[in-house]
């Protein structure tokens, strides 16, 4: 049991767990690149108003990767879409604040939002196959994006497009500028997508399940690429995923979401070693990487409730082994567990001995 | 790729051979050609000589072969009704129909795509809803009624435009054109709208539904997420992808325009091939019907083929022979 | 899929069951469908009972008075003082009555043509799917070739050929039947495609082999199993085909290659009326045209609604 937590920690040590400290230090001097405060996204439907994101707060600093993890439907992508202003109607930001480099960007007009997209905030989607326009050569798609944001000539844009491809590690980039998306393999295509997202040098990258559609062998390469770009450019990255392994591999801090709310938020090493929220705990029991050494994976009983049938109180209580009477009528608010670690739970798990799953 | 083109060409030729067989069977078995060509006063020798001359005593495949090779050389026989070579009559009438079809096709494509894009981008706009409602009525309205209503409004009540004929035409070589005179152009307006309206509605609805589909795609979201302008997203990215499937249907619609010209030409007494065909059906002028059938088949099959090739030209995924997976 | 396990023959309470079903709910909540059905019902009843409803018999020369010619709607005739709701034509025929009788022809031709197309399409589709091989190839190739051309053009050609085959003295008498044949033959492909697809699915199921083992004919038993499966798409295609057939009939008749003046359909009436447009007798044209438009639009809208209601995916 200790061995399990130990193995995760081992992995973390080699993967820049220490770097997060540096990132936190800078935070006191400059505002975070992205700051969410009590963000609420609502979808009005015939059966009432749904809240896929319900009172979520977190920061992402320059040069830091925040992993946002949760089951599908937990609202993790929806928050990213809200930040970049691409919520599908009728979803909308109902309340709360989104600050980019200290400036509010929630609810600004599409006209003011457009120049921010690509230039300040970039986004990478799950499936590189469908993310690229099949009818345009990738060089055209790159220079088009560069020209939309930077005051450069077409010639210069093409030179920068080439540099962008080289930076993400496309071999023989000069020859591939005029290739069409279908002429690349899956991993190469995701590199192209990343080059496209980053070609105007944004401050914040929202990566929405960037490795889910890829082969396992390619996943690690893409994660490594994202990490390198994050460090080199001092870019803030919101890494949305359902895969605890990816979080352990890449993120500095992690935000665990459940049914639209933030369950737990803290440094990856700490959260993985000693999760405070029973849901995080269960999630790790269900992850092959974290559960290494265990005979079988522990599943959390039941399924995440649908948004139109959320239980009263804490949304997790029907599935929670530690639930008490308070959980079914009062929704817990984030509680500080340590300097930068919080969990929304009435009965948080205590670190060390009891943390062991069975 | 090449194999695909060869297969398509082969299929086209097969279709043409079948249509040729139908046309020939009409020619040969519907009514008696000899009876039709000779008058009441005839002798047995006349009949036999003509049968021999026409090759009607040859074996069937031979006759079919002769019919085809004659048709390929532009010889479609003589019109029963006018007593002149069918090819000559067709050549005379062709410019009127082709000019009408070209203007209608242009009208249908330009407005069809324009309105389709408009109703897709401004899905909830007042204008978009208006256009969609009107288009529903447009689909149910038979072409000839549209023509009659246009005549009623613009010729009878307002007296702005002529209700029949081509106006003044100018002869350029063997081609008579109505493009060069004011009356010719004015005469073209109502028939062109009548003929193009239905095709325009179809193209518009198709463009709209395809574009709505494309706008839901990830690469459109990604284009938005990169901060491209709405214009670039809608036109550079969405429209081009919309047009790939639209081209097929539009191409086929252009073929139908020539066929539907029959109706419009009758309403407006437009002296084209369609009116000729209707008169041929009315008076059972089989050679003219057969020739029309073959000409229009060649046109349809040709358009089909061009559409297929155009498809390949637009979509790079079809162009390359090898997929470069696993670099 | 709508529950159509039992035979669709109306049994006591069938109407009630429809009313309570999903379809019934969707129908009650679609004003467009209700109004369309109402219009179609009124027009159909008018057509069926035309001989009893029509105030005049437009085809009885004895009842015609040339003095009544060109009477405008709702105005007393200058000579006879008679009033006609929708006016009269050049012969003094009551336009309302001619519309009722024209509607009768239009609906009869449209309906018969769709039935013909349906029977032909289901039979050929079943044969193609069940027998496969060269029968399938020939039938579906034929369908492809025919689909290359607009249905109206195919109908014109069939009409032209039939006219050439039929002796002159029978042409007018046979015109209606030739019309039905021409439109029906031009419209079977859609039905055949749907049925062929369903047949291919059913063909390999065990009951077909079992039926053959006990010596029952495969196609007969398959038809009984396939029909319930294809009922919804066939119904939708039939409704939309009806609108197309009505328009096709009107178009052919308008072009003068359809219903003869002795048995005028709505299209024939419009053809006749067009001649009077310039002289100001608009009612001879516009009332039949309006009737045709109302009929075609209602059937079309009904077909649209039916397609949406029977296809839960689109809902």
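Order of writing sets the labels: A, B and C. Residues in every chain begin at 1.
Operating definition for what follows: a residue touches a chain if its C-beta (ideal position, glycine included) is under 8 Å from a C-beta of that chain, and two chains touch if they have at least 3 such contacts.
Note that this is a predicted model, so its numbers are computed, not measured.
Listed here as common contacts of chain A and chain B: no chain. The chain with its Cα centre farthest from the Cα centre of chain A is C. Centrality by C-alpha centroid: the chain sitting nearest the overall protein C-alpha mean is B.
The centroid of the Cα atoms in chain A and the matching centroid in chain B are 55 Å apart.
Between chain B and chain C the centroid-to-centroid distance comes to 26 Å (mean Cα coordinates, whole Å).
One inter-chain figure worth recording: chain A and chain C are separated by 59 Å, centre to centre, where each centre is the mean of the chain's CA atoms.
Residue numbers of chain B whose C-beta contacts span two or more other chains: none are found. Contact residues on chain A toward chain B in their complex (touch as defined above): 84, 86, 114-119, 122-123, 125, 127, 130-136, 144-145, 148-149, 179-180, 182-185, 188, 193, 196-197, 200.
Within the complex formed with chain C, the chain B residues making contact are 15, 18-19, 26, 30-31, 136-137, 139-145, 148-149, 151-152, 156, 163, 256, 259-260, 262-263, 266-267, 277-278, 280-282, 284, 286, 289, 293, 296-297, 300-301, 304.
Within the complex formed with chain A, the chain B residues making contact are 217-219, 221-230, 232, 236-237, 240-241, 244, 314-317, 320, 323-327. Across the complex, chain C meets chain B through its residues 144-145, 148-150, 152-153, 156-157, 159-161, 163-165, 243, 247, 250-251, 254-257, 270, 274, 277-278, 282, 285-286, 289, 292-293, 296-297, 300-301.
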